[in-house]
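In what follows, structures are represented as structure tokens.
Look at the two complexes coming up: chain A is in both, with chain B in one and chain C in the other.
What follows is the complex of A and B.
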């Protein structure tokens, strides 16, 4: 007997938000342990060079300093790591270790670790380290890095090409030869970074008396780090506990392995006492992964009726001196070339990807991996084609989107779509934004010299990834999740689950799902996350899997416990469990709805009076369930976004007037939380479209590495965002939910770029570089 | 050379000896363990560290502890216990105007300061008042909604939420 769906689909408020509102958040940055030391790093000031001299004796003697580590004393504690995966055939990356050994490979590369009683003392001692580096020519530009004779960006590689791949359908050349129109463009997508408000933070606490290592770390993937620390430091997995308490934003950035975290663990293992590292904002900019950094040339073939025939794409992406570990820096580019043209029937395609080493901070997976690039390139070309054919942007998309009744569908790049709703979403968007009124208003304002633009961008989003994502490549990254659900002796419910919370509302939706399986309210379900000792192992939170995979895990665990409770109730009541159900905190008669026995009474009997149960009756009130996605390799979602902007053609400043999103993430578990994921995601897409960029000089120095110089989107610049939904549940799971965390970011920039170009169109100008800064817009207009 | 200071923090008198370079944020967080005041940039750009100093919001990362000598400091913990922002907190909760919660203390400080200066702000004025508060998670709209709803309720419009 299945319980009802009273709470799934409701806008339950987040219980854990109340702690934050009261100032009672518990972040790693808030934690202080007895005898804890504070770490600071001396970093390379140059992008490329050789350490000629390193003298730490003055630093070691400085007040408050307990220990100074260099590569010589620290790296031997750790097995090196290499950021390659087998399913990216031929990819390479040099092995890495904690501190720079001989060569320094980016400005910010840690060379020396200082441990002191306070961070201030550790920083003071950093000033006393004598570090002499012979500067070498840095590999800064990706295209130059690929030229014959270019120096390699790291040691142990023979060229700067990390990975290259080409996807091609047989009909590609014919499609271009027969096309009525071919549009083409070159794009540059700037490098930006996550800028989570809480910087990276870790406290490693090794107790030599028991051999237990506990790592408190602001991350979204505690199990992955448990595995990494156990393997690289030669510890039994059971002796490594990773706890991720409240995390002040992650967005993919905090799931990569960093030198500083490894150093912190190594130092605690060596010294046998807690060691804390919290990045300050300046070192965040030169050590947190950066994102994107693509140069794309692309062309699109269309026939005379505006049917998209093919795309031909070349993406060059620049990733720093090493590929990140353990997920690599190739996944982003791989998704860029596979997501091109994904919403459309387009039969033919060629995509070429070059992933290139250089002497900058590493780039890697950040919210919406690859999506914003593929979406912006595709949608810019669709708009160009529409312009050539004199078609309205809605019309050309209506002619090309995969029809809602044409599923399952396989894209030209090989992605399998179970069922999407592009056409319904397109129609819904048109209505939501009142498109026709906006167009007439735009025409009217143009006559007054006001340049407004409207841009739209359909998208697909990869969610609920199976093991095909990383596992097949040999990465120890779990595609499955696990949950333990139990009924307490008092009749409350607890759920310990492997998916994690960074404020998106994971714990709330898990409570809603479990509540519905057990006939209680979400308030009665206490959810525990983020601790490898107290929750089952699982993939946790990445690639939009929390709701779809974690939610399904919770649902199945809840049903398993439901069956156990009904079996006990059946024994107590001498009734067939099939005639019983759970509702209102009690076992009810499923036919009449009459209450038979409360959950509290079941808890009491099974815990304190199991002797009164019939012989052979299992009194277990805990259920364990793991779940790995099967069926489609990913559950794709879809949607469409629209942006309305006004460009001041005198100053080049763009004002964002409004943004709309129609989104289909399958079954919606909590509409309030879904909408806020979308809004936050949109703003993380608009930031890099207009403001965010890690700027480097020719020497490989980041020139705007502070929050005063690196522009993040602020409240005054961001538009209101209106959202509507279509619900196409996946049939791969009972729950039917897909992910939503990256949808906003996937297409916001694409819609915005189309909107800006729509505004500039009457002036004959066009922009194809992000961020679309005032200077770049003025340059496009020929004003500078 | 350490300096002795005395100040009132959330209504309690506090005596501490601090280095001249110690920021008010470090005093609050490290010494007094009032960890609801957060640090996001330590250069006055993000607003995560806002506290009330004699009733006006200041960046605790920029103010030195010695500058707070003899003054009254209120942190999110104090505002929470006093009940003065309970309506703002309720609207933030209802509107889900926070995700990770790291910016929330600063948002509440800015909102409280805005509403005491301008009890009926427009949405644009609210967005403007948050010009020093960075939030990476929410996209701001829910925060603007929560502040607008609080202003309405304080003016007797709309229903209060618990």
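What follows is the complex of A and C.
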């Protein structure tokens, strides 16, 4: 007996948004615990050096200071961590511990932790620490880092090559030899960072009387941190509780292990009292992971008809002094080389990846891991090939995108696609943006000296990941999710689930899905997330799993409970459960739709009068369900984006006029939230395409590490974003939903780069570096 | 970051404020709108023992006409520059500059006096004051003096205001017949400090331009008067050759700083482009 689908597919507003608007958010920083101490860190001002002297005696005696920790006193409480995984064969990274021991390896590396009664007092004391560092030459540039004789960026590694891999199909050389045209380009993709509205925040609270550690942490992956803290501090898992309350954005940034969080836990364990650390903006810039930082050389072979034959790609990516833990800093580059050319029929491919250490902040997984790089490189080359062949950008893509009826399909890099809708999406985009009108307007304006450009970029997005992502490499990162759904004695529903909420609306869609299984409304379903003690263990939020995996988990849990409720109802009503269904908060006769008994009545009987149930009737009103994706290793989604820009060719300033997205995330659970995921994702793709960049000087100092100088995209600069959908549900699950969180980010920058180059084309100029700043555009135009 | 500890007093008069400063032996900072001072304290760029709040001092507020000048109290908020009718008429470059300064929340608190006293070379109001040939009224223990804008801006964050002195008001000469102004800037994002900016004022007098006054900003260590460009335009009709001559002359007026992220050649290029555009706007405004 399946329930109806009244709420799945409907545009429900986020309940927790109202709470936040009402000022009722509860973030880590809203929590004040008795006897809580505040942490501040003294950090290395240099990118590379040796600690010659460290004297904390004046700081220890400063007003309000309770304790000062150095590596000597803090690191021994923690087992070192190493950011390698086995499925990245041959990768290496030096072990890390909490505070710098002897060597400082990036500007910002924490050296001393000060705990005081207030953060202000802790900061005052930081100024009293005597830290003398003998500066050493920093490894700054990735290419130089790989030269023979280059000093290693950290201790205990023999070279700066963290990881190298090559993928190659046998036909590659022939493809290039037989090509009518080969287009080639070198790209540089800058470093940027997440800049979440809420910075990283953690309160560790160890109670020595019970041996219980409770960590309140702004993270997307509480279960992962439960495991990390238990293992690295030698605690039983049951004695570690991680609670992620309201989280103000994460985007991948808050799922990595950081020195400061480990220090906070270590300090609480040592002192037996709550310790709080909240990153301020300045330390966010030098300690939150950075993203991207790639140099790519790529060429593409096409035949005379514009058929793409092959790509040959070399990606060098620079990751800081260590690979991050526990997911590594290799996943980004690995996805870059595997996603190249993914939307196309392209049969041959070679991809070479070099992941390189240097003395900068670590880079690692951030929204749309690897996707924007692969997409920008591929689509820039497709546009260049079109130019050579004098083909319209739509036409060359129509000739090469995998046909919608040609699935299942396997890419040249080995990715398996169940069913995508590239050709339908392409046609839909053309209509949505009124392409032909835009082109004639463009031609008209050029005659007036106005340079507008149009760029398009099809993409695929990796979603619903199983264990293939990390688990097979030995990482203790859950590839499954779990839910407990229960009917309360009063007939309401509660769902405790392992997927988590950082503002994207996870809790809202889970309520919609559960509501439909149990015939109630979403506001009758209370969803609990983000607490390892009260929710089942699971992957939480990473790589787009909330809807596809979390939603399926909730659906199956809901159905399990539905069956239990119908069994009880059948017993009470002396009816065959198969003739009953749930709707309108009641058990109904599925044939006639007539109400038989309310859920409240079922709750009452099962809870207060189980004695009235027949012998052997199970009165359980809770159902537990875990779900791990099977079938395809990932559920790929697809879509296509278009960007319309105007480049001021005298100032190099680009105005973003409009952006369009056609997206296929399979079954849409909540169109409102899907569209907002796409819009937010587009903005996070356009940010680094035009504004966001962590700039470093040749000493390894970040030179724009404040929000006065690091430019985040603002509403005023962002274009209107128009969205349309194609729905191709996955058959791997009952729900049919795939992920959508990273789709916007995946291709926004690629479309924008193609648009800028389209605008510059009549002037014979090209740009292949992001962000596309006025300086870079003026340089391309020969004005500087 | 949290600022180090400091004491706070709200001064009732300019004399009180100067006395408080002297009594703190100069280990003090004045605050008006606080949107430059407070961030710099939080960043621990300065750590004064005492903060002296000027915002309640009556003598620092008010906008009125006196002897052919418009007197604008130092506490006048950025937002007021966008709405006050006297400013619109007699100090139109303040009105034109204000929308480019930050965002509404900051404009509601930031003051014209604070902006001029702070003298960020990338700031809009200092350049507008220079272009309007404003005079700055400064109070010291010795009395009150008026300093022309050309002598007021000394260096980056440095003005003719000596430590412990208070900027009381900005005096702008009243508008004359035929006066034209234009203001524009090139910025990465709306509300950002400019990459390059220009404030221009001139009088159209029959046969050609007179009293041409051009202030460029974000091109050096203070707002810069483009004297050669002014000469290139004076007495000429505002046509394409005149504008081109003014643009060419900028090379003599500007010596922009060089930075890998912002080469001097780019600043000069942008300054020329912008000056051309601003002068073109001046033409249509006439």
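The rule is simple: the second predicted complex is superposed on the first by the 784 of 784 C-alpha atoms of A that agree within 3 Å, B and C clash if a C-alpha of one lies under 4 Å from a C-alpha of the other, contacts with A are read in each partner's own complex, and residues count from 1 in each chain.
The rule is short, and it goes like this: a residue touches a chain if its C-beta (ideal position, glycine included) is under 8 Å from a C-beta of that chain, and two chains touch if they have at least 3 such contacts.
Quantities reported herein were computed from a predicted structural model and do not represent experimental measurements.
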item: First (chain B), second (chain C), both or neither touched by A:714; value: both
item: Chain B versus chain C as contact partner of A:695, first or second or both or neither; value: second
item: Partner chain(s) touched by A:304 [first = chain B, second = chain C, both, neither]; value: neither
item: First (chain B), second (chain C), both or neither touched by A:120; value: both
item: Partner chain in contact with A:147 - chain B first, chain C second, else both or neither; value: neither
item: Chain C versus chain B, contacts on chain A by residue; value: B
item: Contacts of A:650 with chain B and chain C, given as first, second, both or neither; value: second
item: Chain B and chain C footprints on chain A, overlapping residues; value: 120, 280, 706, 714, 716
item: Touching residues on chain A, where the partner in the complex is chain B; value: 13-14, 17-27, 29-30, 32, 120, 194-199, 246-249, 251, 280-281, 502-505, 672-673, 676, 679-684, 706-708, 712, 714-716, 718, 720-721, 744
item: Contact footprint of chain A on chain B as seen in their complex; value: 21, 29-30, 33-43, 45-46, 48, 75-77, 79-80, 89, 92-94, 96, 98-105, 108, 123, 126-128, 130-131, 133-144
item: For the chain C and chain A complex, residues of the former touching the latter; value: 1-5, 43-44, 186, 188-192, 195, 261-263, 265-266, 269-270, 273-274
item: Interface residues, chain A side, partner chain C - complex; value: 118-120, 123-124, 127, 280, 282, 650-651, 653, 691, 695, 703, 706, 711, 713-714, 716-717, 773-775, 778, 783-784
